[in-house]
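Chain nomenclature is as follows: A, B, C and D, assigned in order of appearance, with residue numbering initiated at 1 for each chain independently.
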Amino acid sequence: MYRYLKRRTFEIVETTGTDSLGSRIFDSIILSLIFFNILALVLETVDEVRIEFSGLFSGFEQTSLTVFTIEYLLRLWCCTTSPHYRHPVWGRLRWMVTPLAIVDLIAVLPFYLAIALGLPARSLITLRAFRFFRVFKAGRYFESLHSILRVFYRKREALYISLMTVLILLLIASSLMYLIEHNAQPEAFGSIPATLWWGISTLTTVSYGDVYPITPLGRFLGGIVSILGIGLFALPTSILASGFTEEFELEHESQDAICPHCGKNIHTPADRTSAE
Amino acid sequence: MYRYLKRRTFEIVETTGTDSLGSRIFDSIILSLIFFNILALVLETVDEVRIEFSGLFSGFEQTSLTVFTIEYLLRLWCCTTSPHYRHPVWGRLRWMVTPLAIVDLIAVLPFYLAIALGLPARSLITLRAFRFFRVFKAGRYFESLHSILRVFYRKREALYISLMTVLILLLIASSLMYLIEHNAQPEAFGSIPATLWWGISTLTTVSYGDVYPITPLGRFLGGIVSILGIGLFALPTSILASGFTEEFELEHESQDAICPHCGKNIHTPADRTSAE
Amino acid sequence: MYRYLKRRTFEIVETTGTDSLGSRIFDSIILSLIFFNILALVLETVDEVRIEFSGLFSGFEQTSLTVFTIEYLLRLWCCTTSPHYRHPVWGRLRWMVTPLAIVDLIAVLPFYLAIALGLPARSLITLRAFRFFRVFKAGRYFESLHSILRVFYRKREALYISLMTVLILLLIASSLMYLIEHNAQPEAFGSIPATLWWGISTLTTVSYGDVYPITPLGRFLGGIVSILGIGLFALPTSILASGFTEEFELEHESQDAICPHCGKNIHTPADRTSAE
Amino acid sequence: MYRYLKRRTFEIVETTGTDSLGSRIFDSIILSLIFFNILALVLETVDEVRIEFSGLFSGFEQTSLTVFTIEYLLRLWCCTTSPHYRHPVWGRLRWMVTPLAIVDLIAVLPFYLAIALGLPARSLITLRAFRFFRVFKAGRYFESLHSILRVFYRKREALYISLMTVLILLLIASSLMYLIEHNAQPEAFGSIPATLWWGISTLTTVSYGDVYPITPLGRFLGGIVSILGIGLFALPTSILASGFTEEFELEHESQDAICPHCGKNIHTPADRTSAE
């Protein structure tokens, strides 16, 4: 009976995107709750709404904290059903350090800490947004998400080099711009840390227009930095693009390499197969 | 006679890009009418033009509504010529829910509703711009358009994950920025919904310069969001790029995929060849 | 003698990037002249420079016009040396309509027209910048340039569809924004043509910050348009990326398909070769 | 003894990312020193920090100059251990002109020159940021960095053509914009060199919002330039993307390129295999 209950709970709270009606309803409730939590947080910052519905927000928040806490404990209790986390103690600890379990814990723990310490923790509700990623556990998205993560992982060195190059360029460009524009605009380019704000907004082509060079030399440097900013977009984009193409090719190759007519792998040399 | 007339009408109003002179003239008239409809709408908003040519615009609009209505009814009438929509009732209903037929209906229906309800519907003319996509039905573009749509369809999960990640990042960044800048700039960063405007314009590197952080911490967060904005461009671009490359390779492969062991095309089903 | 002179002239003025010393010197002179022409035009617009060196600019311009005219006539005279343009009349006419010859003509003709009509034609000097493309006729760049042009040509339908989609989106977004913001900002969003300026600067993420929505609904639409703007970058980039990858693969395939050991094409089925 | 000391020094100062503890500690010290040098330079420009810690900065700078000088001399002394630079004189000279050795020299030489000439050389510290690239000598990053550089090298002509096209477009767009906007905004568009600032910030979509066209014709040209700006991003990105894909394919191919007819690797030269 206890066993059955645990397996049934596991089916409902853990598995996602299955045909089980209970699991689907549970998922919908949790996702709706996350959505309304965030919506509440967002709307609460609008003065008119906060004054009008003050009590409602507070009550909703306490309710959802309770629901998330119960949900987390249920997950923790029944995770031993999975063969990966079978051990009552070590299995549960290992489950606790999986990324999704950490995200679930972050959705509740800070609020208890805040209550204990008497601090306002309302703004931490944003962290619950991460729980939305749970939706990608469903079959259809699971493979795509893993594929994206594999590409990032496989290209991590090239992406890291891109990032480092950008940071070094940013530093050099900002130092030079500081030297050039410092005298002409002492407020906007008052120090190198302040000039970094110009540098990053130019390199990423964001540029709000609050700081910009006005001297001819400063504009010349600004133009060069703008063009280098294109490289900042081109490098990671092209690295990732080739990563995705490779991902497809490696997968495609291992899949389709069998000739459906003779059942042999088309990548093994013809003489090796004829020798059989 | 009735049959011949229907097939002839079908040839003129439905098929695009054929050698039939009637079909070509008809297409040109409809496309010109759409173009001038939109041009009229655009010019009508310029005060000097509206005052001068007021009557002309009104007359042109009524004429084109009549033409589009007749055209829609003709299409509806003769669509049963196509084997796909042969049934007089269900065939026509199925035709009505095809994307191009819906676009054609949108080009006329709202105006009758507006007249019936006594509302001004002039601005809905913009919706007619969608009818321009009809031009891509012509042979040359048809394959390219389908190829683009296939890539979007094949990559829909990865693109959806990209979009969700962006929205979650946007929400978290805007909430944090609200906390940081709220006290320094209560007007610009008055609430999280208001801060979302900053968030989206920074992540997409649009940034008009109407709202931007001024505190050091806010600028630090702004810099990080700007750099993440690059990822926002890099991710969909690289996903689509690999999608287009795959599209080409799959097509290319099916052209000359001969197994070197048995000499048969590996893409034709095994049972079909064994039946030979 | 005349023949020899013509062939010699042809070698000097037409062929680029060869080992011939005469040809190299000639190319350097012409390219330098183009460069200094453009530099002169640019500097002439700076008031202090124009007042100081007024006579110099005028003299330099007349000299270079003479040089370019003589050069064009020399090219026209000796182009019949090439087998493609052998016929004294038709060959020369066919040479005149090649892209590079048109660019050369544009570098001189407007100035004579301007002198004849008594108009100032100085600003047309910019058109001479196109002549810089001549530098890519040299061997090393020739293949790359052709490769880029081939990719654009092969993907022309997909790129055209991208452009049309952007223009239709731009029109619809601007019309909607006009309706939304017109009453709030009658100056900036005074008419749809004026709103197109907002639309294009948002879709391309340029956005100077001179016009932007201020109403909540306008900002919501602005956010959506900003995100669609990402697609505007992603679509042509990914189409071109797959185009360049295809270019490489098609070339690579036709090149390397011969096994250096047995001299057979590795793409022809093994049994076909064993039957020989 | 002298030999042993030299080889030991070489192991510590030259090799990177090995298991040798001495080498690791040395690398960490040098990288930390570079990091703090740059941090000091950046913080020194903040007025409050400079006044407070004036002596500290000066002392730290002199210390690190001494350390870097000793390190450079050590490297120069022991580089003859490597078989590439074995000769006591020519080997050392050849080592001095390697990119990393030049970067190391730039980190110290200008400061001695500045002291000799009595000039302030503090801002040159930024140049030390380049020394961070040393971190990529470590095994994991080495292959990725080389791969990126190979792609840039293989695509150098196509990238150069992209850059030239951009510069020519920039010049033509700015000249036209100068003609159009000069009368309406004589301050912002006062000369072509000044208008180039508008041109580059629009083409790269940076656009601070300090200069923008206000005439209808100027806005029309601005819109076209904005759309061309997309091409400026698309072209290098797609060229690099195909470059990275090629890189992967060439590498992948050399791994399992067996001819199905004779079973030999198609990438080993034919004469080498026939000699077997």
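Just so it is clear, a residue touches a chain if its C-beta (ideal position, glycine included) is under 8 Å from a C-beta of that chain, and two chains touch if they have at least 3 such contacts.
The shown structure was predicted, so the numbers you read here are calculated from the model rather than taken from an experiment.
Q: When subunit A touches subunit B, do the two copies use mostly the same residue numbers, with over half shared, or different ones?
A: Counting shared over all numbers used gives less than one half: different.
Q: Could you tell me which chain lies farthest from subunit B when each chain's centre is the average position of its Cα atoms?
A: Computed centres place D farthest from subunit B.
Q: Please tell me the distance, in whole Å, between the geometric centres of subunit A and subunit C computed from their C-alpha atoms.
A: Inter-chain centre distance comes to 41 Å.
Q: Any idea how many Å lie between the Cα centroids of subunit B and subunit C?
A: Computed from C-alpha means, the inter-chain centre distance equals 30 Å.
Q: Residues of subunit B that touch two or more other chains: which are they?
A: Answer for subunit B, listing residues that touch two or more other chains: 193, 196, 205, 207-209, 233, 237-238, 241, 245, 249, 259-262.
Q: Would you tell me which residues of subunit A are touching subunit C in their complex?
A: Subunit A reaches subunit C through residues 205, 208-209, 237-238, 241, 245, 270.
Q: In the complex of these two chains, what residues of subunit D are touching subunit A?
A: 38, 41-43, 45-47, 123, 126-127, 129-130, 132-133, 135-136, 140-141, 143-145, 147-148, 166, 193, 196-197, 200-201, 204-210, 232-233, 236-241, 243-245, 247-249, 252, 256, 258-263
Q: What does subunit C use to touch subunit B in their complex?
A: Spelled out, the residues of subunit C in touch with subunit B are 157-158, 160-161, 164, 168, 171-172, 175-176, 178-179, 190-193, 202, 205, 207-209, 212, 216, 219, 222-223, 226-227, 229-231, 233-235, 237-239, 241-242, 245-246, 249, 267, 269-272.
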